[in-house]
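Both complexes below contain chain A, partnered by chain B and then by chain C.
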Partner chain A sequence: MNNLRLLMPETVLATLALVVAFVDLVLPARKSRVLYHLGWLSAAGVLGWVALTMGDSSAHGTGTLWAADPFSQFFKMTTLLTCALCLLLGLDYAELPDSGAGTFSALMLLSTAGLMYLVSATDLLLVFVALELVSISSFILAGFERRNPKSNEGSMKYFLFGAFSSAIMVFGISLYYGATGTTKLAAAGAVPGPMLILALVLILLGFGFKASLAPMHFWVPDAYEGAPTPVTTFLSVAPKLATFAAIARVFGAIFPLQTYDLTLLVSIIAALTMTAGNFTAMFQTDVKRLLAYSSIAQAGYLLIGLAAGSPLGREGVMLYSFVYVAMNVGAFAVVQAVGSAKGSYDLSAFDGLYKRRLGLALALMFCLLSLAGIPPLAGFIGKMVIFSSAVQAGQWWLAVVGVLNSCVSVYYYFAIAHRMFFKEPSDDSAIPVGAYVCGGVAVAVVGVLLFGVHPEPLLAGVRASAKMLP
Partner chain B sequence: MNMLSLITFAPLVGALIILCIPKEKEKAIQTVAFIFAGISLIASLAMIPGFDKGTHEMQFVERFAWIPSFGVQYFLGVDGLSFPMILLTTFMSVIALIGSLGIEKRVKEYFFWFLVLEVGMLGVFCALDLILFYVFWELTLVPMYFLIGVWGGPKKEFAAIKFFLYTLTGSVFMLLAILALYFAAPTHTFDMLELAKLTGGWDRTFQILVFLGLYFGMAIKVPAFPFHTWLPLAHVEAPTAISVILAAVLLKMGVYGLLRISYTLTPLGFQWFLPALAAIAVINIVYGALCAMAQTDMKKMVAYSSVNHMGYCLLGIAGMTSAGFAGAVFQMITHGIITGALFLLVGVIYDRAHTRDVSAFGGLAVKLPVYAGLMSLTCFASLGLPGLAGFIGEFLCFLGAFQTWKWHAAVAVLGIIATAAFFLRMMQKVFLGKFNEKWAGLEDMTARELVSIVPLAALTVLFGVYPKWPLDLMNKTLEHMLGK
Partner chain C sequence: MNAPLTLAHYMTLAGLLFLIGVFGALTRRNIIGILMSIELMFNAANINLAAFDRFLHPQGVTGQALALFVMTVAAAEIVVGLALLLAIYRGADTVYAEDFNLLKG
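On to the complex of A and B.
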């Protein structure tokens, strides 16, 4: 029973998701907003549970297909936090029909549960099943605005790309099975050779799809643009970070990149991802697409930490992940408020935002500055640790590409700031902000500022939870 | 009493208070800004009696762990190099605030960003931990972006983003260099004083690479040729008071960084770069002066004169003698005061005439005697007339550089002639000759303008005839840096 007990939080969450779906059937349609509340409370409750058992070693251990360790607990927390915040955003997102609240919340929770399985998985079978659970829920979520053709298009592309990359992943897993005779992720029985390396590369590409790494990133802008904004927020944060956790487990702890000569490949992917994301983002006029490309670039920075292949790099990835939740959710929350009010996500919707709602403009400014890595905001600390891991590992060129990309990113982040503060609005009416968006933004901005000025608790926490069980 | 923290963070408190004041209460906002910038000024002046000129050690040190798991400290302290810079910053901030009283658009935001900018500038000069230094260094960027971009001239938005991207690109390389130093130290520290003791153990190639990373960040701020192209644009487009701050303080951050960080932490790299530095200094001096000569816009002319004057600082540093170093630091102070005054004076005429074109005026000395007098004094100081402050700095820089770089100094002296030429030509066109009747309605300087400019003019004369006091402040530290 100890084996199953380790997965208690995600199992409870999955059960709660089913409860939400079931309540939806019996609840009258006009009351269905309650289900959002039920959804975010479930996520927040499980988040509290995981957080409280962080230091409790009896909650840690190795199961048959999974390992519950501080590392996975940490990423479970980031995922749950994102899920709760995104459901809060959903409450204020008018384009979602109230009648779909149950399905929506249930799918978000299921997707989150899938991600929680993923970060614990030590067996490729569980990895695959978890990824599929996430993917299938996400496909539906991305197409949730049924009357919006862009939503349909994005969802379709997402699905096709997803199917393709799943196939690649399965092929990788089959090769892996051929090379090792098991699906268990352990280097002990593995015979190093071309087949194993090929298997690992294919698995990496499969992960790359979820984490939006170049060249597997082409679905991102369309899916993000079409999806309901709370879903975009979720997709841009939770699956990406959980996949990074899985990559860190497989290619950091079990099959170290250095041992299998994969460092160069991963470094090149990181450089490519950053560069492709940033240089495409510069030309976007739709804010959701712009942030989609920005999130691709952010994945590139995260990958630098993994390419370094050191404990410091892993800490950097964890730290940056946590900070990334705050800054990306905050940015998307403001984008949702403005976009909903204007009915358009064009850059011009942000003209003169300082006059229409100074608080929103400042909040978005802080989040963008943090994404760009400008001190003294939290994003700077994260980037600093990641770049320092590259410097420590002697990967100078990667660090240089990284910092240059940071500079490029300032250009398009400030294109939004420029609109908000330098342009005059077309009308002066205040932008309505729902209470839940307001709450989400406040949490994000406080996080970005607090962890920027006083990062020690976060750094110490990350260091304490960087431990992985085999 | 944590004097340095008080000086650095008083403006931040002011900025936060301003955020809470409704934007219609402009008088209250201005008052708060003055009170908190004033606290910094008074506190920095109050440090003078307690500042020991006889030692090179850090004084008023404050130190505690900020991010212990990464070895980052909150470590402040001043010595003879940074203390004059802090006095300059607090003083010029108040002067620039007086110059900002004419701002009418979005007053609340203006003073908010202004105070945040002051925090960044002061922090740079106080910080003795490299990451802390970097944080403050970058903290100046965002306020400056807004101050130029919202309140600037016609091309303000382009100027703002160009300034931001240019300086950011420089400083990220500085960050990489800082991280390299961190990992090169066996104790893994960002403490500048600790790192300075370890330089003997680092090989030359490493020091050269790190130096280049640091230099890239500093040179853009200075700005040293060929990284100076952001400066004319930013200076011209920025509102008057911000041009003052840019010239008086922000450029000094670059030279200060060269001395404080590049020179002490990568001595071999610095040595290796010296010939190039001397050449760049000469180019800055001559090319800056020639560019200034070609301008018809007075503000642009003053902006290029900054390129020229920072060249003297670099030349003084390249001399690697105590006279050269003292000249460089003295030049930093006097350039801050004199060029600050010049920008204010150009602002005065622009506010009235709405043009800065040199040839649009003529014979103004008849109509505006006080203005003409102050402008002449400042121009003479800037071109290095003996008896005024500018001369001392330039003279010491040449004196320090001549021993090592005879030919460079000889060519650079030509730059002085060009400097004199463009200032004299400007004065001739604007103040002398036939009075242009178009400007018959111009009025002489108001009390507010006098309050901001007269103190600068007074200091120009004072430091010109009695340079001993500022030189005494810095001498011990600079001699120690040169290993004497």
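On to the complex of A and C.
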């Protein structure tokens, strides 16, 4: 075990998760809300630690099964940020029983720790174990509202698809081991034979499940609709982005897509994912389902950057990932506030929101416009970099599909905005907004606006942290 | 008659098991059946790993170690799955996949 110290942040986070779970046992039930605070403070603390050691070269290096580099640290930061924000949202989510606070926070932290291991993994053994840590914790999180049959059903479907795809991935890993004699990703003598290519395709399918790519995306709407809203927020952001980081490491740096003739396959998956997500989102009446399909489409945009296979593409993926945290968490936070107040996530709950809570309506509008990629919001910058990387790589058809898809997405994002500003509310009472939701929304909207009008610091940061160790 | 078993035999067995698992997971109506099919897929990978260790890389143990990890993780996963199934069964009184239709759109 060389350089175990490189994994200190995630190991400390996992330990903190166990501490939270243990404190839950000894704490009287009426005080359990403290554990949410303990949870988000742990995530925020580790986030600060990773951010401070970002430029410190002694925190970088390679170990037995892992590598810590600026690239992985960047994605660790996005994951931790999402986790902290989602735990804050959990504080204001009434459907979660207070008695479950410890388990909930501990599982969120464990899942985040798994994602942090995943983005650092340079060995398929660690990739597999980390993915399973994430999967098993999120199956439980998705079914956390035990009395809600929808939550149960969503998590069951999530589980079945998850177990199925990890079995596919494990079979891929076994073939990889047969073809190369090692589970290390940087297999020096790997010859591109049919067995290796089949192994890589199966591994890609396994990743595709977590990142909700097209043939493996059927669980997404059900799991997202059933899961408690803070969990939906987490699932729609953190595992997706971390999996993209893992795909970028495996298929960008170590097995270049071009060498293994997989570029076309990945491009087709990207086009399918965008199209399937956007065209199904148009017909949704439940806002959580709508955002679920929208997040599938967003995964398609992100995959364009990887299909391009160039440094610019990777920078685009990182930039868009960071922006995606802000806009998706912001959108889901507003949805949670409105949905909890109305007791329903139907689109009609948003009718005339501007009269009932102008701040929420504006915040949601900014996040949706950013998701649609309208300038001058942050989503536009991210999409621009990704699409231009596709053009630069000669895959102009993929860029065209992406732009057309963005146009389609404007339709359903505006449908929500239309309801908020041009319809009459069924009742005029103000929607209560908890302090923590308010904070989450504020952070998200500031991010969406700030990085939209002033993207240079973010661009510079991304460029500085695009470096990846083998 | 007594031809020795070669790698091809093991790989064929693993491939067949995997395909049976995939077929079962996609067509079974009973959730327990789906779980069993998924276990078949995991075990197909384990056979592959052990066979590769024996025939291709006899000095290494990575394959067997990985197979141990796979078994452990698969067990943990199934525990969660059965717990979820139990929670559903208490509410809906069914273990058939087509009865889970609250969520659609």
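Definition applied: the second predicted complex is superposed on the first by the 467 of 470 C-alpha atoms of A that agree within 3 Å, B and C clash if a C-alpha of one lies under 4 Å from a C-alpha of the other, contacts with A are read in each partner's own complex, and residues count from 1 in each chain.
Rule of thumb we're sticking to: contacts are C-beta pairs under 8 Å (C-beta built on N, C-alpha and C of every residue); 3 or more make two chains touch, one makes a residue touch a chain.
Model, not experiment: these values are computed from the prediction.
**Student:** Quick check on the superposed pair: does A:L265 touch chain B, chain C, both, or neither? Answer first, second, both or neither.
**Tutor:** Neither: A:L265 stays clear of chain B and chain C.
**Student:** Could you look at A:F139 and tell me whether it touches chain B, chain C, both or neither (first, second, both, neither)?
**Tutor:** So A:F139 only meets chain C here.
**Student:** Comparing chain B against chain C, which has contacts with more of the residues in chain A?
**Tutor:** The partner that reaches more residues of chain A in the superposed model: C.
**Student:** Which partner does A:M54 contact after superposing on A: first (chain B), second (chain C), both, neither?
**Tutor:** Neither chain B nor chain C is touched by A:M54.
**Student:** Can A:P221 be said to touch chain B (first), chain C (second), both, or neither?
**Tutor:** second
**Student:** Touching A:N152, do we find chain B (first), chain C (second), both, or neither?
**Tutor:** It touches chain C, and chain B stays clear.
**Student:** What is the contact status of A:M8 with respect to chain B (first) and chain C (second): first, second, both, or neither?
**Tutor:** In the superposition, A:M8 touches no partner, neither chain B nor chain C.
**Student:** Identify the partner contact of A:A44: answer first if only chain B is touched, second if only chain C is, both if each is, neither if none is.
**Tutor:** Neither partner.
**Student:** Per the contact definition in the header, classify A:F171: touching chain B only (first), chain C only (second), both, or neither.
**Tutor:** second
**Student:** Within their complex, state which residues of chain A touch chain C.
**Tutor:** Residue list for chain A touching chain C: 125, 128-129, 132, 135-136, 139-140, 143, 146, 149-150, 152-157, 159-160, 162-164, 166-168, 170-171, 173-175, 177-178, 181-183, 221-222, 225-226, 283-286, 289.
**Student:** Which residues of chain A touch chain B once you look at their complex with the stated criterion?
**Tutor:** 354, 369, 374-376, 380-381, 384-385, 387-388, 391-392, 396, 399-400, 403-404, 406-407, 410-411, 414, 418, 421-422, 455-456, 459-460, 463
**Student:** Could you pull out which chain B residues touch chain A in their complex?
**Tutor:** Residues in contact with chain A: 66-70, 109, 131, 134-135, 138-139, 141-142, 145-146, 149-150, 157, 161, 164-165, 168-169, 172-173, 175-176, 179-180, 182-183.
**Student:** Residues of chain C touching chain A in their complex?
**Tutor:** My answer: residues 11, 14, 18, 21-22, 25, 31, 34-35, 38, 41-42, 44-46, 48-49, 52, 56-57, 60, 62-63, 65-66, 69-70, 73-74, 76-78, 80-81, 84-85, 87-88, 91-92, 97, 100, 102-103, 105.
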